[in-house]
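Chain lettering (A, B, C and D) follows the sequence in which the chains are written, and residue indices restart at 1 in each chain.
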């Protein structure tokens, strides 16, 4: 395939993933594996997997694409989808839509903006989203699990209780944030219940293949690519993509937009998901993180992938 | 044209602009005209114009699309283009690529980040860009004017000396920012020379038609739509679009990405330019500003335009 | 007594308190009673009491000087004294000695300064102090109560369990702060235990008379005025006074230094304690708070008191 | 003299200064001389002088106490005195009285607090003070020089034009601050005129002896110790002392209050002045600065001086 000319045929993509893998191989092992909980700390830093799911129904993979890992913050896109369905546009009274500038500012902004988190993809925002979901369903955790399993077409997906428990034990910063939001009356449920839900969503174990399939509706204007049914309406799908573009990678959103040019969401487990509107979902996993908490190899792989395919929204 | 289905035929776009105009008409007169300099303060708040330039060479307009106005910060995209050509990737050692979070933070960030402005589209970043251009050419101002005239295919475009002088007289905040950047040794030229260039770029007078034509190369992977020659390479065009998406509208970049879903750049003169990659450039002008300094009617018009046409990168 | 000439004879002070009372009477009822917990919210806003204890052993009072109230943050001086005795100068590795600038900054500073609170008299600093005390004694709460009773020479002083429980139920901000400090590993004990101690110290019920007596050792270079025994060494007494001067009244420390010119500590229960080195301790209580959380009438009374007596360290 | 027992007889003080000198001698040469302008950079780091002026009329010195140096920010106390006389309490509408927290915050606070500097002893505050003086007199610079000469009883004191010029050439940060304050309409005079005055006040050349004599009125409730005439009223003298205590040493005010316990003002020329109310003025000079911009040896000398004499307001 010619670099620069968009293409998504199976053969082309197989070749692209080979080239991407060759390109990032020297980087594998660099960065640091998240170490604040044992389950994450014990993942070997040399793991690498990648999966591309196309709207035509193809799934192209390389490396450990079938190995489940802790999706962590990637789960925030799933819960945002559920909360938008539950509450609609009223959701935006409780959480903003602007990038947070940088990590340093998050608490300041929360204070200045009276407990309204900057966006739903930072931790405090995800706490509010969790609260909305808890208020909308008596079985919130099961609902989330069911939604994710259906999106990924994989009934074996589960939450790792060990991860959830460790997250709670090490989660002083999240406990601080949620109580701070609560002090501004922007949580309706018990803070512990909100955090319990949040720590469980972070503990979802999914593979690159699972995630690629599960995110495909966002590349398809909200429509399930298998059933043809709307998961969410097209406007909301577009808007979730917009939020991923401006807020999906912590303090590196500008950098990802600049280098990759696609809506993306990352997690400290080392996964990164990218959506190519009207075309495909691309997932990379490699647990070594860069200084901003994004997969170092994952970022390089996406950078290379878009350079080779010419796929970018710009 | 069916709402939701992308289309760019001339007839469709004429109808769309009519509908957009009808939609925003009740809003015209709302907001506040920028009042810090007389030339801007004296522009009647009820002005409205819109122009769409397509890659097929069509120009569709409505309202006062031929009336020149002060483009102000929209000029930052032109100077960024010139500075990238002059300095290449080394530019990013002197200015960042992340959204600034909000206006409030700009000075703090500048201090914490040792004089490296967050991105080239905030004022401090534009000062650095101006400095780069001054260092690269003995006739920087003429070069900029020549570049803009060629892009817009209009040799009568000029800088309003009265605006430039007023900007300087009222420009205490810009003088503060530039001296602050200078205190970190991130300006090579005399601060006054940098500001003089900056105040002149802001004083460019262009119409919606001029701007639509002048931005079309960014919708065309960097290639001039008339001559077929590369203005900048495709990667840089994509990256300028990415910066417009994440940083183009002051503190409302997240909101614009969410509602409009296109790379945009606004100015306090009331203009907003949007780029639809591989399709067109869309320009709206109406001088009443919202609380964040963007044209109130312009934002509503772009919102409606993308809703009607389905044009969005997401 | 002549305004401006320092004096502390009993007769003079009786007259001064009369004049102070007359001066502030029109202000009583102004401000707002702290409303975040029922016990504080239910205190009648028109309460006023004042007590002066001199090194000569005199106790001069006016108004409801014997009525116990919730001392809240005034307790931070007692716990600082205990923690200094327990840990000595090592304490300053875990908490700073600078004013915090303003309330807004506290969380930012905590983040920038890696969990080292600015000073021991802001809430986060008091959590660290509580942690030090918990580490130094198996009966920390009883030790504190014993210390306070001995200082005030009043064995009936108690902690109001209802206040402590309410503080905990409404204490989302404190829970947030303590967990945030913990996330930087600057708490050794269980966060809940630290907060439990903290909420109990705030729930101490003392009268103006109790507090005036209890603070007299700080006016006496650390020596108990009754027994003549050292409570703490003279250097530490001076330094606690210095901290009260620069950090004792939230964001109004500069204002208090400017207007009152004495080391002071306030609490949201409406109490303010002032130390006149080598002379006396002065306590005012009135529950209506100004915008910065200090007793409105108390501040006016101290201002008047120092104007009439000429007592000021400057 | 017994450590801990306040004393100010000439013989005692001679011995104290000897002991202080012996104590700090090993530190001389440590720290860094201010290097942003040549005149300061060229001062030998091993200079040391100290002078104590008592209300009894004694002047005790050691080292280079008669050598003039650049007093820099110490001048802010003189200009504050003049501005208070010119404008009275209205001054406090234009500048605050709270410590600034830290250097980092100064610009933020200026932005949040709409151009009202935190206090008159930070640079932005001194610009406002300079503006007040310029508005009150057609010969502001001569007035200041006359005032300082009279206070110090030395008609040869002058402003070093070379320092003033260098300050201007290197003064990007001050230019930024003054223009920022101006953008909030908190300067009435031309920004350049304000800065010109400010750079000249910083360029005052005075010796330890000059400064000790010149600050003695603040130890004497505002009264000139030679003439017995009021320089300012006693309340204002007390309040200037209070401001020196809470704001006199940049971000180290809490630390100085804690360790030294006296109102002090430092300058980057290496001078520090301390006021002992009702007793004396103490001046140390040594050009090596610590990380916060205060004389490293000067701070140690004052610390030792107060430890030996027991002099402290607490």
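We take it that a contact is a pair of C-beta atoms (placed from the backbone, for glycine too) under 8 Å apart; a residue touches a chain by one contact, two chains touch by 3 or more.
No experiment lies behind these values; they were computed from the predicted model shown.
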| item | value |
| --- | --- |
| Pair of chains joined by more contacts [C-beta pairs], A-B or A-C | A-B |
| Far-end chain from chain A, centres as C-alpha averages | D |
| Approximate Å spacing (C-alpha centroids) for the pair chain A, chain C | 48 |
| Distance from chain B to chain A - Cα centre to Cα centre, in angstrom | 31 |
| Where chain A touches two or more other chains, by residue | 104, 112 |
| Pairwise touch network: line, ring, star, complete, or other | ring |
| Chain D-facing residues of chain B, complex | 104, 107-108, 111-112, 172-173, 175-180, 182-183, 191 |
| Chain A residues touching chain B - in the complex, by the definition given at the top | 4, 96-102, 104-105, 109, 112, 118-119, 234, 237-239, 241-243, 245-247, 251-255, 257-259, 261, 263, 277, 312-314 |
